[in-house]
Every structure is written in C-alpha cells, then in structure tokens.
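Got a structure for you, written out below as structure tokens; questions coming shortly.
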Amino acid sequence: MDYPVLLEAAEAAARATTGRGHVADYIPALAEADPEAFGMAVATVDGELYGVGDWEQPFSVQSVSKLFSLALALAYSSDGGEELWRGVGREPSGNPFNSLVQLETEHGIPRNPFINAGALVVTDRLQSLTGDASGAVREFLRRESGNPLLDTDPVVAASEAAHGHRNAALAHFIASHGNLQNPVETVLEHYYAHCAIATSCRDLVLAGAFLARYGVRTDGTRLMTRSEAKRINAVLLTCGTYDAAGEFAFRVGLPGKSGVGGGVLAILPGRAAICAWGPRLDQAGNSVAAVTALDTLTTLSGCSVF
Amino acid sequence: MDYPVLLEAAEAAARATTGRGHVADYIPALAEADPEAFGMAVATVDGELYGVGDWEQPFSVQSVSKLFSLALALAYSSDGGEELWRGVGREPSGNPFNSLVQLETEHGIPRNPFINAGALVVTDRLQSLTGDASGAVREFLRRESGNPLLDTDPVVAASEAAHGHRNAALAHFIASHGNLQNPVETVLEHYYAHCAIATSCRDLVLAGAFLARYGVRTDGTRLMTRSEAKRINAVLLTCGTYDAAGEFAFRVGLPGKSGVGGGVLAILPGRAAICAWGPRLDQAGNSVAAVTALDTLTTLSGCSVF
Amino acid sequence: MDYPVLLEAAEAAARATTGRGHVADYIPALAEADPEAFGMAVATVDGELYGVGDWEQPFSVQSVSKLFSLALALAYSSDGGEELWRGVGREPSGNPFNSLVQLETEHGIPRNPFINAGALVVTDRLQSLTGDASGAVREFLRRESGNPLLDTDPVVAASEAAHGHRNAALAHFIASHGNLQNPVETVLEHYYAHCAIATSCRDLVLAGAFLARYGVRTDGTRLMTRSEAKRINAVLLTCGTYDAAGEFAFRVGLPGKSGVGGGVLAILPGRAAICAWGPRLDQAGNSVAAVTALDTLTTLSGCSVF
Amino acid sequence: MDYPVLLEAAEAAARATTGRGHVADYIPALAEADPEAFGMAVATVDGELYGVGDWEQPFSVQSVSKLFSLALALAYSSDGGEELWRGVGREPSGNPFNSLVQLETEHGIPRNPFINAGALVVTDRLQSLTGDASGAVREFLRRESGNPLLDTDPVVAASEAAHGHRNAALAHFIASHGNLQNPVETVLEHYYAHCAIATSCRDLVLAGAFLARYGVRTDGTRLMTRSEAKRINAVLLTCGTYDAAGEFAFRVGLPGKSGVGGGVLAILPGRAAICAWGPRLDQAGNSVAAVTALDTLTTLSGCSVF
C-alpha cells in the first residue's frame, strides 16, 4: 500500500471535519487542546514509519492506555489470563462508557476491559502483578516507541483525580463486590497516572505495532502468543470504541482503541498499526477527525479485516 | 385503645415468627445480635408509655435514624425545605435500597430521603445547616428520649466505614453530579455516625412521638408545622420501608421507617408512636418480627391511617 | 366539614391553573375535551352529595376504572384475593406508567394493579370470574351511581384499540410469561371497554363511596370486608397516581386514583369520596386542576390520612 | 487450507461436547431435534464444497435467516440502506436477544438487525420492498443453494406463531413508536415464515458464500457492492451471536450468525463460508457444538479475521 498517499487523503478528509464535535472538557487540562490539531501515523510490521500533520505532537493518551494495560496484564499473567478474565468480561457494554447500571446487575464484573470500570479492574491486576501498574505501562511505551521522555503529565493526572468522583464511585462499587485486590486509592492513582501519559501518534503506532506483529515487540522478542494477540484484537474490535464499537467496525473495519484525548490507535493485523488524532469528539466520545481519517484510509485501500 | 393487651398480642405473633429471616451480617457488629430478641413500645400523644419484651434493650438504629436526619434538616431549613427537595425526591424507588441505577438515570438526584443515596444527601444538607449532622441527630434523640447515655456505637460506626464501599460509591456518584455540598469523607463519616447510634424501642417511641403530635416536641415546643409533620408521615408511608413500602402500607397501614438493625418505628398520627424490634430481616431488609407485631396491632385495633 | 365552602375554595384554586398542562392527545377522542372544564364532587358516608362546576358532565373515566376492576376482582375472588395477588404485586412502580422494563426483570408480574400492565392482569382475572369484565365494571358503576345511562363510549373504545400498540405489547408480554388466563384479544377488548366508560364526578363519588364506608355499598350490602377496603386504600395511596404517588401523598395525603381523562377519585376513609376533574395533565399524567383542587381541600380542612 | 482435515478435527472437537447445553424447547417442533446431531460444511470462493457429519440434513434455520433478510433488504434498497439504518441501529445490544428494555429507552429503534426486534424491522422493510419478505428469503436461499426443495416448515412456523407472545409484544411495541410500515400481523407472519425455513449446512454455506465473495452471487452477478458486503460482515461480527458476540469474536474470530435451531454460519472474508450445526445451545443461545467446531477450525488454521 502507498501509505504516504493514503495518509494525505486521510488528512484531507479529517481536516474537512473542522468544527464538528467538541473537545473534552470534563477536566481543564484537556479542554486546552487545539481543536483543529490533527496528526496521523503508520508503523508497518516491516519497520516503516510514516506520518502527516501533527503526528509527533504529544497529546493525552487517555483511554488508549487501556490497550496497553490489558496487554501487559495478560502478558504478565502466569495462567494465560484466566484469573483476569474472571474479574472482567469481554462483551460489548451496550451502555455509555462509565455506566454503573451494568455493574450493578452483573455483580461488580465489568463488561469488558475497555470501559472505565473494566480498566480499573485491569489496572488493579496489573498492580498486583508488577507492584507499579502505571510504571509498567509507561516503561513499555518508552521502550517500544524509543522515546525516553514519554511521561505522565502530572497536571492532567492531578486534574483527573480532582474531578474523579465517577471513577471513585466505580472503584468503590467494584470493591464492594470484592473485585479489587488493591486499595481503591492505589488503583485510582495508577489508573489516572497511565491515562495521563502524554504520547504522540508516532509513539503510539510504534508501541502498538506488537499487535500487528501478532505479539512480537520492537526488539523481536515475543510479548505474548500469536493467539493472545489475535484475541486482544478481537476485544478491541467489539469493545474498543465505547458505545460506538458497532459503528466503528461498520465504518472503519479495524480493531481500535480510542481515548477522550482525541487519539485512536487501530490495528491492521499482519500489516500495520495506525494512529490518528484530533481533539474534537463525537457524542460517543470518539475523535471526529481520527475516525474520519481511519474510515478514509480503509475505504480507499480496501484494507479492513472484513 | 388498650395498649397493654395489644402489645401482648403483638408480641405473641412476633415470637411465633422464630427462625424466619436472617440477621443482617454485612458488618460483623450487627451479626452478633440475638436473633430471637424482641421488644415493642408505644408512646401516646398524651404522654403514656408502654413496653413489652426487650423494649429497653439498645440495638443499632441504622436506617431509622434517616427519619430524624430528615426531620431535622427540614426543621433547620429557612426555606421550608425547598432547597432540600431540589436535591432529593419523594417518590418510592421501586428498586433495592442501595440502587445505583436510578441515580444514574436521574442525574444524581436520589428518589427519596430514605434510600441510602437520599439519606447521604440529607446528611450533607444537615451538615451544612448545623456543622455537625450526626451530633444534631444524637442530641435530638437524647433530648426527646430523656436518655443522656444514648450514643453512637464506635465499633459499629468503624465497621460501617470499613465495609462501606457501596455507600462510598453512592456518595462519589452523587458528588460527580454536583449534589453534595460537603466533602465525600465528611458526609460518610456523619452518615455512619448517626446510623450507628444505639437506641431502644423506648428511646425511639419517645423521640418519634413528635410526628404523632404533628410536630410538637416532648417539651411542648414546636419542631415544625403541622403540615410539615404530616408530609413527613406521607413520605414515610410511601418510601419508609425500602422496596416493600407498598406491602407495609397494605399490611400495617401506618407511616413507618425500618432499619437493618431490626427496628421499625411507626406513627399513628394524632395518637401514638409505636416501635417494634427483632433482628431477623426479610428479603426486603425489614424485620420479620417487627412487621408482624405492627401488622397484628393495627389489625386487632383497626387503627391504620386507612 | 363545610363541604360547600371547601369545594368553592378548591374550585377557585383549580381555575387558577388555567393553561398549565396538556390535554391527553394519544387518542383523538380525548384530545377534544375542553381544557378549561372543571368539576368537583363529594359524597359523604352519610349520604350527602355536593358538587361544583362541571360536576355532572361526563368525561372519559380512563384509569380511574382500574380502581373498580380491582375492587370487583377482589370481591368476586373466593380466596380473599390470594390468586390475584400472585399475578400482580402491590409495590409502587418507580417507573412511567406503561413501562416494560420492570415487567421484563420481574417475569411478567406487574408491579401493582394500577399501572397498565397490572390492570390488564386484573381485567383478565375479572373476566375469568365474571365472563364479562367490562360489563361487571359498568354494572357496578350504574348501580352505585344510580345512573342507568352510564356507558362505554364506543368511539373512545375503538380509538383506544386503534392506538393500542403499547397495551397490546404489554398484554402479549404478560401472556408470554403465562400470566394471562384469557386470550390477549379478549383482555384488551374488555380493558378498553371499561377504560372508555363515560362518567361524571357525581357518578364517581357515588360509585367510590364504598371505600369511604369501608366496603359497604350504597344499598347497605357489603362488597368486601372492612380490612379489604382499607387495603385497597393502601394500594391506592402508594400506587394510584402513576409515577407521582409519593408527590400525591405528600401534597394531598389521600388514597386516590387518577386517569388521563383528567379525573381523580380520592378517598377520605370513614368520611367521604371526593372526585375532581380537569382535562389538562401534568408530566406524570395527573390532572393539574384536579390535584390542585384536592390539595386545597385537604390543606384547608386539615383532613388527610396523615 | 486443507479443509477435509480441518473439518475432521472440528467434528471431533464438537462430538466431544456431547451432553453440554440444551436443545431449544420454547416450541415443540424444535425440541424434537436429535441433540447429538452434528454437521459442518465449507464452501470456498473458488467453488469447492466440503462437508462432514450430518451436513446435508435439514434443520430449522431460525435466526440465521436474519443474515439473509438483512442482505436482501439492503440489496433491494435504492438509497444504499439509509432508510433501513434509520429504523434499526448497528450496535451490539449488551442485552439478552429479545430484550424490551433497550427498545423502551431508545424509542423503538432496535439496537441492531440481528436481535429479534431488529429482525422484525428488517422483515417489515423487506416486505415493503418486495411485497413478500419471506418469499424473497426463500427464493434467494433456493437459488444460491441450488436446492429447489428448500422450504418453510409449516409446522414450525405455526408453532412459532402459537408461542410467539414475546415477538408479538416486540412488534406491537415497535409499532407503537411508528417504526413499522406494515401491519403487525403481516410482519410477524413473514418473520415466522423465514425463521421456519428448513436448511442444511450445505444449503447455508452455498447461500452465504456471497459474503465471502464480497457481494458476488453464485451465478457471478453482484448482489451488493464490495463495501456493503464488508459492512454486513462487520455487523455480523459485532452483533451476530446474541449477547455473546464478544466471546464469539474472541474465540472464533469470524463474522457469524447463529440460530436457536443450532446452526452457525460464519464468513472467512475472501476465502469461504463455513457452517456448523448442533442442536444443543449454551446459555446465550448459541450451539455448543457449532461454536466449538468453528473455534477449532480457526485455531488450527490460524485463519481468523484478526
């Protein structure tokens, strides 16, 4: 595929969405993002790297970090993830991304690892496995991206904590069902810390390429089995974009994870990791520009998983 | 009415429920209660006081304290409760007593002041009005009952806090909707403190008699208007016994408030306050023995509000 | 009580609500009602009858008929209503009046006899008991009111049937849980027929006075026991006014049943039946004018059940 | 891929599930299926056809027909499906397959075309487009499979109708929101008729291969664009297996549609259509043997979409 040409077309389509959607403003630190910023990058399994627009500009990774905390929790598990999957499901939620309803009716077992509740459980397990959940995510991102300066933005993390009553409610509720192994405060702290990491499209495609390589890291070592990597891709496709997973699969046709910072990291299995970023979000919390860009790329190239 | 005879019959009916229901065990301190204890008391508007069984034995007041925190929050309000009723509704919940579902769909406004979520909002407002919500409840109970030793059981309060993830979840969730004026920790502390007060049937009928007297306290002063007292009775009838308010109205026919400590305080407007206590609870969280005793008393006397 | 004076004051308060609320328009036949019509009547247990405004003008009884179908189903039951209460609960719904959600989670057992789903079950049982459910209601209303011309409005009944997809959905759903004894079509037909009866405030207070007389009919015979009549009053208070039962109890403080035709029939146990009517409805489906009139009457007289 | 070897291994794995799960018994006609029957077939895009076990034995297609009714409704649409997608969503339901809850909160727009509610809307639109919705499905299946005897089983269709209160409730409920163009009775009749078609694994892989061929029918003509075919695959993957779509994607990794007759038709885009059949169902309503067989085939071959 001619990625430079595809990226150019994707950027043009994304730029045409100017003015649609709203920058996340539930914490002040996110509200400051330039609404018209846009970047996109591709890292192929052969080691090629392409980018357009603001592809090297850092933004808040937010929920895209959930992909990495899940991958690491599974990679560090000694039982193939069996224990982890007892504490969190892998079904689409069919509900807004921080819903309490489902948690109540399903006894504190979040529907999947990519809704906030599920990511709290994953963070808790990663904390048990490593003793430093957010550090583990940060370290992995640094290694894979080769960007030693990549770090948690302390202002964003503090802002998340200060406005985090809903996440605190979720964590306490999960704890009331006995589904946390660590103190609520610890889990929340590490959750905020890995969500507040500042990354660029460049960083994310390099860090996410292990999924396109079916589990193989940048340095050629294997993080997980081929089968495990494919299964993470499956969960990404059915659950990775909040309450719009069906729509994303329909339009883009790739496994992907979005964040309210405006980033979306998608995987073209066996070929490439692709990341697009634009701060304006649609009603489901996905970046308008990024989804448009990815839609354009897969439509033009005919390269979806379907 | 011949209260001694009615109490005797009520006790006999209550004793016959031996073995039905389960003592609350969500905190160790409650699980230790003698399941077969039973007491009942009546305080008439004329100042008569009657009791049978363990009517002077202290038990954990638990949710019965919500009646008093509501009454005091309304009494201290300078606007007739208008601000309070903006933060909490007065409709039956139609859901289990600590449901999060309704809170989510109704934007953090609890259905009524007697579900846990609503009582947290009431405690918060009472804290704003008095600077010491649990102290205000404790002081009122002491004055009305004439029992200066009445106090919070610190073991129970600590136990509630240690097992309080669900209440913490509720409080954070309400706070996320901007419906708490005080810090979550403060509200929870005072909530646990007034729920953990140890009271007897004797204490509670004396303290609750102001509602039978349409707002007049033991010392003859007025806590609230006649109309306000009647309205509290209305909320008690429709919302006072968790998800079994309809059943309680159907069987007993009196406004009443129950607690998982096994106490139920009921009001016969214009005539008397009646309290029954037995630790075994039915599935809705109401005392099997106490509801049976109250049912017997109103059936025999023909004295319900209907 | 000086009913003429009270009625005059109630009417004045009701007339002052001009313009608030909306006439039910889900079927054309109801939308034609004069929005500013208002009537009110009182029938005392001593046989006195008072009225103001359009108290003799017929309107569509709608859900107020549910009170009578319940009373008759219980009166005709040979088991004290035990079988009936297995098929329908007596808890407030905490949901809009034609909710399917609750039915689904509670296995086809409607919450109470006054939501549409519950009234369908009651109609079904009355059909089994009498062979002519709507005829039984009509006949009872005629006898008690002494109005031989009282009848189902065939235009309204046909209009209900033509716009009755939601009720058909409810009936089929209940049937799918095995909670109907008669064919769905039969139940719906009789349900529409008794809801489409045209009655006046005069008719309704005379017909409803048996509840104020604790079960005794106009002719002095007993329809049901004193205890059964009181229990119907209890269900009316907790469930009679859709999703606003708490509010109605708080403001009016009487057992009552409302209908989207604008009528509200309330009971002052031991004293009188009171009916107010005005076609404009609030968001919960209760008549703005009628609730205001009843609120005024109980506030001025101090005569609520609390 | 060596399909004969893969099918043999898949059959062995499926046979090892003997005794797990339960044959659908909500209608008598389905309950008679031999619980231990098993068949599996593959039709490649190159025209090869393979089968094992009872692959030519007819069974009730049930919900697998929803794939075909959707494809035909889209193919016959003159607006690229725009009108259709206004009446039905494409998000996973996150709820049991015949849920009314979601319908109520989302104003009669079913979540996706593969839950019962959504399939009723699709059947309605196909009826509007063709005048004979079930005939259109039947004819398409006959043509693609080359099986002129393929037909609706009238006993099953009559049985569905006789036990169809839940579907009738859904249809009336959707109609109450104005989301049906044809009479409820007509829609139900055609829905039952296409669900009651008797097909074999052989028939279904031949009929479903158009999706593997990106829209091209057996005779080489195009039913729909490449993009449309890929999008149907996307909806199948996220919504095709009731409330277990995430699990199916995780384990099998293919777009697929299941039915309570025990059949599952899956698509390996660009390569083959695969159908497995076994009457015993898991709790989510998917065939235990068929899912096991498909899981085995994709695990052994490494051929999922991820």
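As written, the chain order gives the labels A, B, C and D, with residue 1 at the start of each chain.
We adopt the following convention: a contact is a pair of C-beta atoms (placed from the backbone, for glycine too) under 8 Å apart; a residue touches a chain by one contact, two chains touch by 3 or more.
Small disclaimer: the values here were computed from a predicted structure and weren't measured.
**Student:** What chains do chain A and chain D have as common neighbours?
**Tutor:** Common neighbours, chain A/chain D: none found.
**Student:** When the centre of a chain is set as the mean of its C-alpha atoms, what distance in Å lies between chain A and chain C?
**Tutor:** Measuring from centre to centre gives 55 Å for this pair.
**Student:** Can you give the whole-Å distance between the Cα centres of chain B and chain C?
**Tutor:** Chain centres of chain B and chain C, defined by C-alpha means, are spaced 32 Å apart.
**Student:** When the C-alpha atoms of chain A and chain B are each averaged to a single point, how far apart are the two points in Å?
**Tutor:** Each chain reduced to its C-alpha mean, chain A and chain B end up 47 Å apart.
**Student:** Can you list every residue of chain D that touches 2 or more other chains, as numbers and ranges?
**Tutor:** Not one residue of chain D touches more than one other chain, so the list is empty.
**Student:** Go ahead and list every pair of chains that touch.
**Tutor:** Between chains, contact exists in these pairs: A-B, A-D, B-C, C-D.
**Student:** For chain C, which residues are in contact with chain B within the complex?
**Tutor:** Residues 89-95, 102, 111-112, 226-227, 230-231, 233-235, 237-239, 243-247, 249-250, 253, 255, 269, 299, 302, 304-306 of chain C touch chain B in their complex.
**Student:** Taking the complex as given, what residues does chain A use to touch chain B?
**Tutor:** Of all residues in chain A, those touching chain B are 99-101, 103-105, 165-166, 168-173, 175-176, 184.
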